[in-house]
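Heads up, the next two complexes both have chain A, just with different partners, chain B and then chain C.
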Partner chain A sequence: MLFGLLLVLLAVGAPALLSATSVAAVLVQASPIAIVAFGLSVVVIGGGDDVVIGGIDLSIPAGAALSTAIISDQLTNRGASFPEAFGLGLLAALAVGAVNAVLVTVVGLTPILTTLATYASVVGIVRVLTTNRRINVEDPTVLWIRDTNIFGVPVPVLIMLVTFAIFGWVVHRTRYGMKLRTVGGNLDAAVSVGLKPRIFVASTFVWASLAAGIAGVLLVARGSGMSPGIDERLLVDMVLATFVGAAFSSKNIVTVSGAMLGAILVSFMATGLILNRVDNSWVDGWKGVLILLVVTAAALQTRRSRQ
Partner chain B sequence: MSAASAETASLSPWQKATLWFFKYAFLFAFVAMIIFFSLQSEAFLGASNVMNIARGSVVVLLIALALTMVISSGGIDLSVGVALDFGAWFVIIGMASWGLPWPLAVVAGLVGGSLIGALNALLVVVLGVTPFLATLGTFFIGRSIQQIGTGGGANVNYRQAPEGFQAIAQGATLEIPNILLVGAIVLVVFFIVMELSTHGRRIHAMGLQNSAARVAGIDTRKYRAWVFILSGTTAAIGGILLSSGLRIYTPMAGFAYLLDGIAAVFIGASLHRGGRPNVIGTVIGVLFLSTLGTGLDIIGIDFNLKAALKGIILVLAITIAVLVSNRLPQVERWFAQQKKPLLQ
Partner chain C sequence: MTDVLLQMSGITKAFPGVLALDDASLTIRAGEIHGLVGENGAGKSTIIKSLAGVYQHDHGAIHFAGDEIPQITAAVADELGIRFVHQELHLVPHFTVAESVFMGQELSDVSGLNNRKMREQAALTLSESLGAEINPRALIRDLTPAERKLVQIARALVREGTRLIVFDEPTAPLASAEVERVLQAIRRLKKKGIAVLYVSHYLGEINQLCDAVTVFRNGSDVGLIENDVAQSGRELIRLMVGRDLDQLFPTRDSVLEEVFLDVKQLSDGDKFQDVSFSIHAGEIVGLAGVLGSGCEEIVDAIVGLRRAKSGSLTVRGQKARIASPAAALRKGIVLIPRDRRNDGLFLELSVRENINIATLESVATAGLVSREASEKRARLMVEQLDIRPAETERQGRYLSGGNQQKVVLARSLAADAKILVLDEPTVGVDIGAKTEIYRQVSDLAVEGRAVLISSNDPAEILGLCDRVYVVIRGTVVSEHRSEDLTRDSLIEKMTQSTEKAGSLV
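Coming up: the complex of A and B.
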């Protein structure tokens, strides 16, 4: 409902926004954002939404940047094949997730502090690896992902849809997912029915890093390589997509499908504002206003339905 | 807890020392880090460097104190950086464009930051938006307003700022730098309000369980609104200090302080037995981060490597500290068992 209204608003200003080419471009742009947002959704769903101790993983964009850097470096500088490079990138991202999982569940640090620190560390490692320079990639597989349409759907969008299907199925359709939502929704209830919260919380960080690793491939394809600073933009977009996405779920909570809608909305806004010829200085402002409109409407709706 | 303290009364000095070590493990990690840096560079513990660390910590401290209060109340404020910017901006244009005398310009700066807080309060308390999204929205809007107001993000210079204004950050009273006095005053106010007064208790109660706090008769809406407004005001003080020190307003400079501020609050919370944000813990967190940053600078480490090391050392120090202090009850129990034969 809200989502449609916002689209109409942007499309009225710039009818070109709804043309097939720009819809495809928006979806391609949304795909890495959506994938990292799926990862963050799993962490928030399993960790609960408490500010101090709740689940959050700020290190996902850093993991994605690490995977992007390793894939680019392997392909261009070390002559690796695509599967080797992707495998290494994914392993590196998973290692970041494993570190987070250990620090949160074994050592007992809060997720926000842990992932803030791993974010800083991994971004630093990426800078050391790349010496903060751009790495170009001309690998045929990467170019194929970037340029191919299958039945008119760009490959990055297909990758996003497959990842969505996997994450959505795991979280919302399996026994594991139900237990995970119990752990995040009500810890005491979960413990009293005999669930072991630590294992579930630990697993969420692994899911998140898996998402980071997959997003890395799309980032390599989108940028034809690794550019410094991709993590910062991704961090803001990921957080935005995940939590604005909650406004699209009926109970106003974070869900995997909400995260996808959120990611699509974020990139529609970015493209829509450009097509509407909004001055660069105003873009952030409009973004802020639109976000607040969506979430305020959602908040008022929830309040009304409770009364 | 009371049983344990009764036991500790009859422990031998070395046992007490061991307990003390386990309890304050993070402080020892901190001291170890300071010793390491001073072995690497003689200048590290020099008076001028220690003073630099202290001066450089004040702005982060103010941001971190604001966040300590908001996070204690169960919220988050991602717009503290923007509130800092507004403080820095309004005080400069107050003097340069509106021709206000500097004390009034300072007031304008404080109002500027408080406006950001008031917008958050409106969104969170009146409209019911979650603090995370409300302050993220404010953050975007505040950034954009700065870009529009400065023609795309150009610095605003005010080289001929009055002496009195420059003295806020650069002068000294009784040989103590004013900037440290400002930091100390705000710190003491926060300590009294958050740790000693009933207001602080109520804010923590809201953060632990909002509905229970409301049932207990706390006007949670009023408190939440004030928490956000005062968070903006406190951040604006930091901005005014920046403007006074540099005589330049750089748009969107505040964001850099956000992550360090959040990290400091959660370092503090992980040192607290109940895992809650607290003023003393936050101060330790701020000092740890700025000592680490300065230390890595002074031993001349590569810029790219510095970012990685800062995060890794932070993780290691907190991990060791938390692992060690989690063992405290076991050590206490072990000492108690050791003692039993002696008593019989």
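Coming up: the complex of A and C.
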């Protein structure tokens, strides 16, 4: 597969890519991307993949940034304990999810426009909240998350795996999940079997905001606090991870496990490029090109196998 | 006399502007296969929706197994054991067969979805109740249309307590060979004691399958045939249309003049090879083949939708390369496509816009379309083809199937095409509109056009065409004059079998 070939190329250029430390770093970097991608996957799975009216949530990175900002602010400036800070951050993210849910299912706005608007609004709120300045965090729990390995696996990666287990199980192994997939798979079919799509679609935004809240914790740990602009990079990576991930599924649809693989791929690409001493400014460009190639190859492969 | 299972009496339902049901009644006995026929707009779909709880009837009563049902809703119907197999498949392409059968009614236990049990039960229902061996892990998008239909039916059956299944046009998208599978499946249901309400335009199937038939016209039931349903074809038509249709197919003296289209050894290297046939002016020629035989692809190649790798096309004496439908149009060849909703009609545009869209230059000056000219032409066509409702500004989507097909036909008339290619022209069209379309096509030929019809409906081919080419797996295997063939002999040739297949009319 093309993915394998690219990795080989990158590894040949920089053998250090395959070292244990590199792999660990790649996975740690992939973790927040994967978690927000889980959130986006649920929204896409439940909302259908029509480009214009289908399910999508662009506000997840903003929600994550909000969660990060609040956690950082609470820990450093307000002397809160970690559970308190996390609770508040999570609540804030969930509030964004609730707003999305209402706007899409009650007011009836299209998800792409709605979440774009909430994205912008929340980013603005975050800027105000942090006065666009960095907040340093030295809370012991946060540092523990950042630095600890359990059985050789970094904690952020463990958090990613646990989140994956939860989201994956809910979407693919529960009755609710199957109904959700029905709603997103064929709206008319869902209605004809008696499902009420609105409730399911609304719930997807709540799941997405839950992912945003959890990602916030990882972002705080990774950055040792809150830095302005963390949402921007995350948006592109999240969308890439989710949809590149679809190319990995046998049915060529967005899945939770696909999102995780996609996030790892995106992270590998970036790290591989940097280790190959590609200039930072070019990394994004190359990332895009490489991913375009992978996805095209996968599409061609699927088309050939269908004929 | 078996017991009455479903009794709908005196149902009336009005919508703003139209009385859809007017004192309509329907009676189904336990364990019988009951047919429901009628033209589009006769009220069949409304009465079924009333039974399904989609609509609440204004007047009338519904009794099921002797009990009156005051308020019928989807949940109530479900509880009573009434299941519906709608015309639209409503399936998710990337779901497996098992997931589709259990859509909305998933099996689960403490640890989550019980996929294994769902696969087992799906396979069991399909093979035992429907006689179909379909892999429960297969994806819907990889199944044939008939298999998908069977999956949809299995969904209705897999729950306990099914007493009545309502089928709405179940065989419309299927080819003759596949139709038989579905009909067999329905006969098995009867053996299990499940009653069936079978709504269909295919009177041949109704004749074959049903124990009794109710005919609807203008919102009410106008006749019930209980005896000798198999021979009741003409009676059914008479009741449906309200008059005697002496001939479904018009008679015509075909005038054979110059050869308008000469196809020699056409191949696309894939779906058809070495295809040769010719059509004279004033002649209607048929390509008869079952679904997948290559007829569709041959037709596509002639109108420029498909690349031919070798062979030649001569249009009115001149060799032609047809690289696109626009090129075909310039040569005077027009296609009336099979899937009018997706390929033929512009649903959002008005009737007038649809009719004129291929020939805007002729109603425009300096690039601006003359509203007057386009309206005039549209009105002419609406009158000529008896398009109903006779409103040129009505959006395409609001017309019935038959009238939509007439609009597509009108477009090609407006384009003044000399060679008409019709691909399955009357799929899903009710009998009244069918007759009109056949009359139109016949008139078009009489006026000197050459017509090519690709169809898997043997009666249609024989009724309309002067000559028939039988196509099997991409090859023209024989050529006949229609008068030398019967429906059964044509079917035999199309399917290379001695079985009798189902559809008529």
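In this section, the second predicted complex is superposed on the first by the 300 of 307 C-alpha atoms of A that agree within 3 Å, B and C clash if a C-alpha of one lies under 4 Å from a C-alpha of the other, contacts with A are read in each partner's own complex, and residues count from 1 in each chain.
Everything that follows uses one rule, which is that contacts are C-beta pairs under 8 Å (C-beta built on N, C-alpha and C of every residue); 3 or more make two chains touch, one makes a residue touch a chain.
Keep in mind that this is a model prediction, so the values were computed, not measured.
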| item | value |
| --- | --- |
| Which of chain B and chain C A:K251 touches, first, second, both or neither | second |
| Partner chain in contact with A:G185 - chain B first, chain C second, else both or neither | second |
| More chain A residues in contact - chain B or chain C | B |
| Chain B versus chain C as contact partner of A:V123, first or second or both or neither | first |
| Which superposed partner A:W169 touches (first chain B, second chain C, both, neither) | second |
| Common interface positions of chain A, toward chain B and toward chain C | none |
| Chain A - residues contacting chain C, complex | 169, 172-175, 177-179, 181-182, 185-186, 188-190, 192-195, 251-253 |
| Chain A to chain B touching residues, read off their complex | 50-53, 103, 107-110, 112-114, 116-125, 127-128, 131-132, 239-240, 243-244, 280-289, 291-292, 295-296, 299-300, 302-303 |
| List of chain B residues in touch with chain A within their complex | 71, 74-76, 123, 127-134, 136-145, 147-148, 151-153, 207, 259, 262-263, 266-267, 269-270, 275-277, 302, 304-312, 314-315, 318-319, 322-323, 326 |
| Chain A-touching residues of chain C, taken from the complex the two chains share | 74-75, 78, 86, 88, 90-95, 99, 102-106, 108, 111-113, 139 |
